[in-house]
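Order of writing sets the labels: A, B, C and D. Residues in every chain begin at 1.
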């Protein structure tokens, strides 16, 4: 069964996805933390998968409500693996050179307490609005 | 509150560590060490104005901060909440201080159009793509536009092929649409073979649906119902993501029969490349798709007339396609305001080599090399001297300090003896020998030449041999003339784009680094210390303490000497591997 | 034909639309040099990969030089064929090609006939500034063809001929870049490939990368041996081409001079393969008639159509590609081998000499004949029926070596009894000739009537595949003709399906038949030469007093004296053969 | 009659792959990819079977195999090592890393160690330029490699 049969279907789907994303971004729903892991060849080669798996299990262990998504290359190939953490109501922060130790630190300090840790990659471009 | 101090190489060299330390101690003095944290970050990519200190959450951006400014920042900004105006960034145009870094022009240096979704959405979730306005362009085309209107929009946008040559995309589509046939094809060239370029891979891995959507639009515009993606087999992840995306698009009715109820059918299949750079050339690519040796054929006929299976075929590369959906949704007028007069939009570059921020960047056409290297790229690694940037890979040439302020677009690059190519940008410092670089690229071309036409098959081999001779110290001045003549003839007389551009690395380095060639030939010297035959390793008898580390690590036992006595290198035996230099703790070994 | 206006070398010209720059220029007396370009217009064979870049010209408004052979003219096109830019590029490209080509011209089999050599001469190359590594490969010696690919210039002509015209698939471009070369699979020797030894690759090769095995030395040795009786036979197509080797116009018939020259060289008997061709018709024609009558009587064991088996390239081809149909071709040996069998069995007895003391040499327009003569089934205790098979070119070489002024040589006749032939034997040299000759005889034998018109023009021509139905007094006989193995494949595939409806099919591997054989003087792609040879063949036929094989008095005598009847006991042993499965079989290991 | 011998299971596998692509000559490259994926390399006998199944000359198949660097006729080692020689890796010292591999393994490029454990090859850009110089062992990517690190990496596989 095809899910989108017409323009209206597409628009409806866009709307609903947008809402979901917005909800996630604004973190209105019970202070959801969002973590994106750059999973392109560079990232994976540098160990992004391991980091993501580790963070997922660690946050779960600690009972933290974190949504993980994989995404494509963020462009910071020099600092792979890179992850982007968005705390409710905050600008996204990108961390580079994330190994398991750094992942622990990010969970313990930034995700838990909003305390920044070293390894931030300053974002140097604007996102265009669709 | 957080104080972010740039810990990038450039800023580090300008004592950013010291700044951080001073900030911390000043905070302590004020008893704020628990409320405010000082964090060292990666490079802000704004090294010209470094060191940088950024205050969060108010986004204040202090530039050219010195260690002694730390106290003032704490006292004024943190304690009293007043910005330190003199350290704020000054907008070069209106000379105004910019308090909020969001308003700094610097952040507009990069503009992500083709990469708009890379790093934002989950590439394996079509719903996220739809949420990011994905497939809206397709819906617009199918629902509101005629094929002619679609082509016209692309023509108006001024988009040019991002794969190398820069042929106007709209015009290409128009030619293919005007050739009538019972079957036409749309082909996405994802055989990114340029060593040092990986933007296509990143797009396919990060945003596969944008390519699928664009190909479908392309199919609608020219009247094709089958799309083929020709992708390098060396990109397993990209292949995987594409396969998932194609499945999802089918499932959601965005590929297949009667898309969005429009009656338009379109399907996409994959074909795998098998490691032949020449297959980036569209006629070679088509032969490879047909299961043959990927040898190019003479054009005309163009693929738009007779391509895959002898049917009209439109070939575009990945990055070109990634631009299409957003041009349709935002309109040609939006797109053609970006870039320069003849090169519209943005270009993705893979910044690599001796540069701090190796990575994928997307910049508007017309940006200068200086901005790319020193601002976005964070400058040269280890604070070394910038020497050249190689663009366009084996088809391109080198740009040097004199080109630092030339706006980058198709025509300017061509005029400076290089080309846009697929967008590899390899930055080189003084440790790169330009003769060796030319040789490196020629080695590549010799290996990748298909062998069909004589200038490329034999000519490039000869170019490589002459370069080899020069790097071995056996060159003559006559060789330079031969390189030039041969290079010109190969460009002029070769069958396809590979041969027509393969001498560029040689010709442009001769043009820009003539002295370095002459040094190799006349003085038998390689200033970068790369050409082994021209080097000799010597142990400084004063510096050497006789620790024997070098001798123990020499793979060919060329180093001798008594313990605690200065050592010697037997230059006859030495293979110039450099192992001794790496092991010497006393800087006693040098190359001359 | 629509005309358009172009300018070549400042000359405004009106040329045909759709033509290439090369042809448009040629039509107006401007000869742009070429190397990889090869065309046999008569059989629509074309090789223009645009790869050698020798024919590049400057077209105003284009960034790069364009190959004249592959560029179509367009209205208003301004072309320069000898601007400084073009001349420099052309010469540099040639110097590059020469830099990767052995300079052993003096001992090269193509010396004096090499297109690269002429090019170097024409462009006045005196030195090669770009010296460097030369590609080297193993030399490949097969029974008929020598591959010396160090000399290969990657023109791809042989590849095109082997794959497109012949569909043999022995050769392909392999490797890439500087290592690229044309070779059989796994760069193995030709003997391990499906090569049919048709030799058209040799004809196409502009240089000495492909050549035939030279046996002139062995022949001279045999002639000088007083113990040996050396007998020579000459194939029909040789007499209409040999003159070209001595500067005569193509189409000159030099039968008499050839016989005279052979005698001066020292052959003891100068005979004619045409005689054996007549004999072939007797055997093959009888076989055809037997098959037809058995077939019409409903004999299920009989296969139709019958396929001719005179062409050794063709025989190799069906043994490799149609091994499931080995009972379809005629079992009659080729004229060369019939001659050999008759010479070594009948003539030896007649002359009272031992088989070992007779050496049979054949002069053939063919390279595959060298292979055929070495087949095991054509040997008796290791002694072959035909000892040496020379090409037309090798004969010319012999004639020159023996200080003979061929042009002024007075004509002489062949020796008898194996020197007399009919017009039917002569036309074996052209495509459709064998089947026409067979028809002339079969008609009379089948109908018992005298044939009024011996010229079956419907069977002649140069179309790759031809079909005709001949009325055998109320019985329609459907005949198929193919020259070129790609065309043969078309017919054979129909036969394999069982719905062809043909009674007889003639196949020749080479363009135009034996007149375009690979042993003939090089035509360098000038198909007019083949056309003129073809005209000459039919002229020779028309001038013959007897034009039907069964009317050849020496043939009649041979049957009376020795063979008995066509397809009889002796024929079966000496004049017929069988075929082998040479296809590749995938077998389970272990 | 020329014979090509191959194990039954292999013949069947090749036939199966060819059939899955409709035995079309135009699918030759896809077929070769699949078959190489199955057997690790493309020996002559395998090419013979493919040629027969796709009804093209084996010379043509060999022409394709030798054209594309991805296809190989020699079996690779248990752990195939590929050193990236893309530009980014080259300017960051890939050559030195390659030299170290050669020295450690005592084999040249395109060769396999006598014990069949390692084979060494160069390839052009895996697209992980940010990690230059990059080496692949099997599917695993090692980035930011120095000659010093070569021995340690090999030791991971040597035991």
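In the analysis below, contacts are C-beta pairs under 8 Å (C-beta built on N, C-alpha and C of every residue); 3 or more make two chains touch, one makes a residue touch a chain.
Every value quoted in this text rests on a predicted model; they were computed, and no experiment measured them.
Asker: Which chain pair shares more contacting C-beta pairs: C-D, or A-B?
Answerer: Between A-B and C-D, contacts are more numerous in A-B.
Asker: Any idea how many Å lie between the Cα centroids of subunit A and subunit C?
Answerer: That pair's centroid distance is 73 Å.
Asker: Could you grab the centroid distance between subunit C and subunit D? Build each centroid from C-alpha atoms only and quote it in angstrom.
Answerer: Distance between chain centres: 43 Å.
Asker: Rounded to a whole Å, what is the gap between the Cα centroids of subunit A and subunit B?
Answerer: The mean C-alpha positions of subunit A and subunit B differ by 25 Å.
Asker: Roughly how far is subunit B from subunit C, going centre to centre by Cα mean, in whole Å?
Answerer: Taking the mean C-alpha position of each chain, the two centres sit 57 Å apart.
Asker: Can you tell me which residues of subunit D touch two or more of the remaining chains?
Answerer: 63, 67, 126-130
Asker: In subunit A, what residues contact two or more other chains?
Answerer: Correct list: 41-42, 44, 76-79.
Asker: Using the touch rule from the top of the page, what residues of subunit C touch 2 or more other chains?
Answerer: 173, 175-176
Asker: Determine the shape of the graph in which chains are vertices and touching pairs are edges (line, ring, star, complete, other).
Answerer: Other.
Asker: So, with touch as defined above, which chain pairs make the list?
Answerer: Touching chain pairs, listed by label, come out as A-B, A-D, B-C, B-D, C-D.
Asker: Flag every residue of subunit A that touches subunit D in the complex, lowest number first.
Answerer: Subunit A reaches subunit D through residues 41-42, 44-46, 76-80.
Asker: Within their complex, state which residues of subunit B touch subunit A.
Answerer: Checking each residue of subunit B against subunit A gives 2, 4, 6-7, 37, 39-46, 54, 56-57, 106-113, 115-125, 127-128, 130-133, 135-136, 139, 142-143, 198, 201-203, 205-207, 235, 237-238, 250-254, 256, 260-261, 326, 329, 356-362, 376.
Asker: Over in the complex, which subunit D residues touch subunit C? Could you list them?
Answerer: Of all residues in subunit D, those touching subunit C are 1-8, 11, 44, 47-49, 51-52, 56-63, 66-67.
Asker: Taking the complex as given, what residues does subunit C use to touch subunit D?
Answerer: It comes out as residues 163, 168-176, 183-186, 192-194, 323, 580-590.
Asker: Within their complex, state which residues of subunit D touch subunit A.
Answerer: 126-131, 134, 141-143
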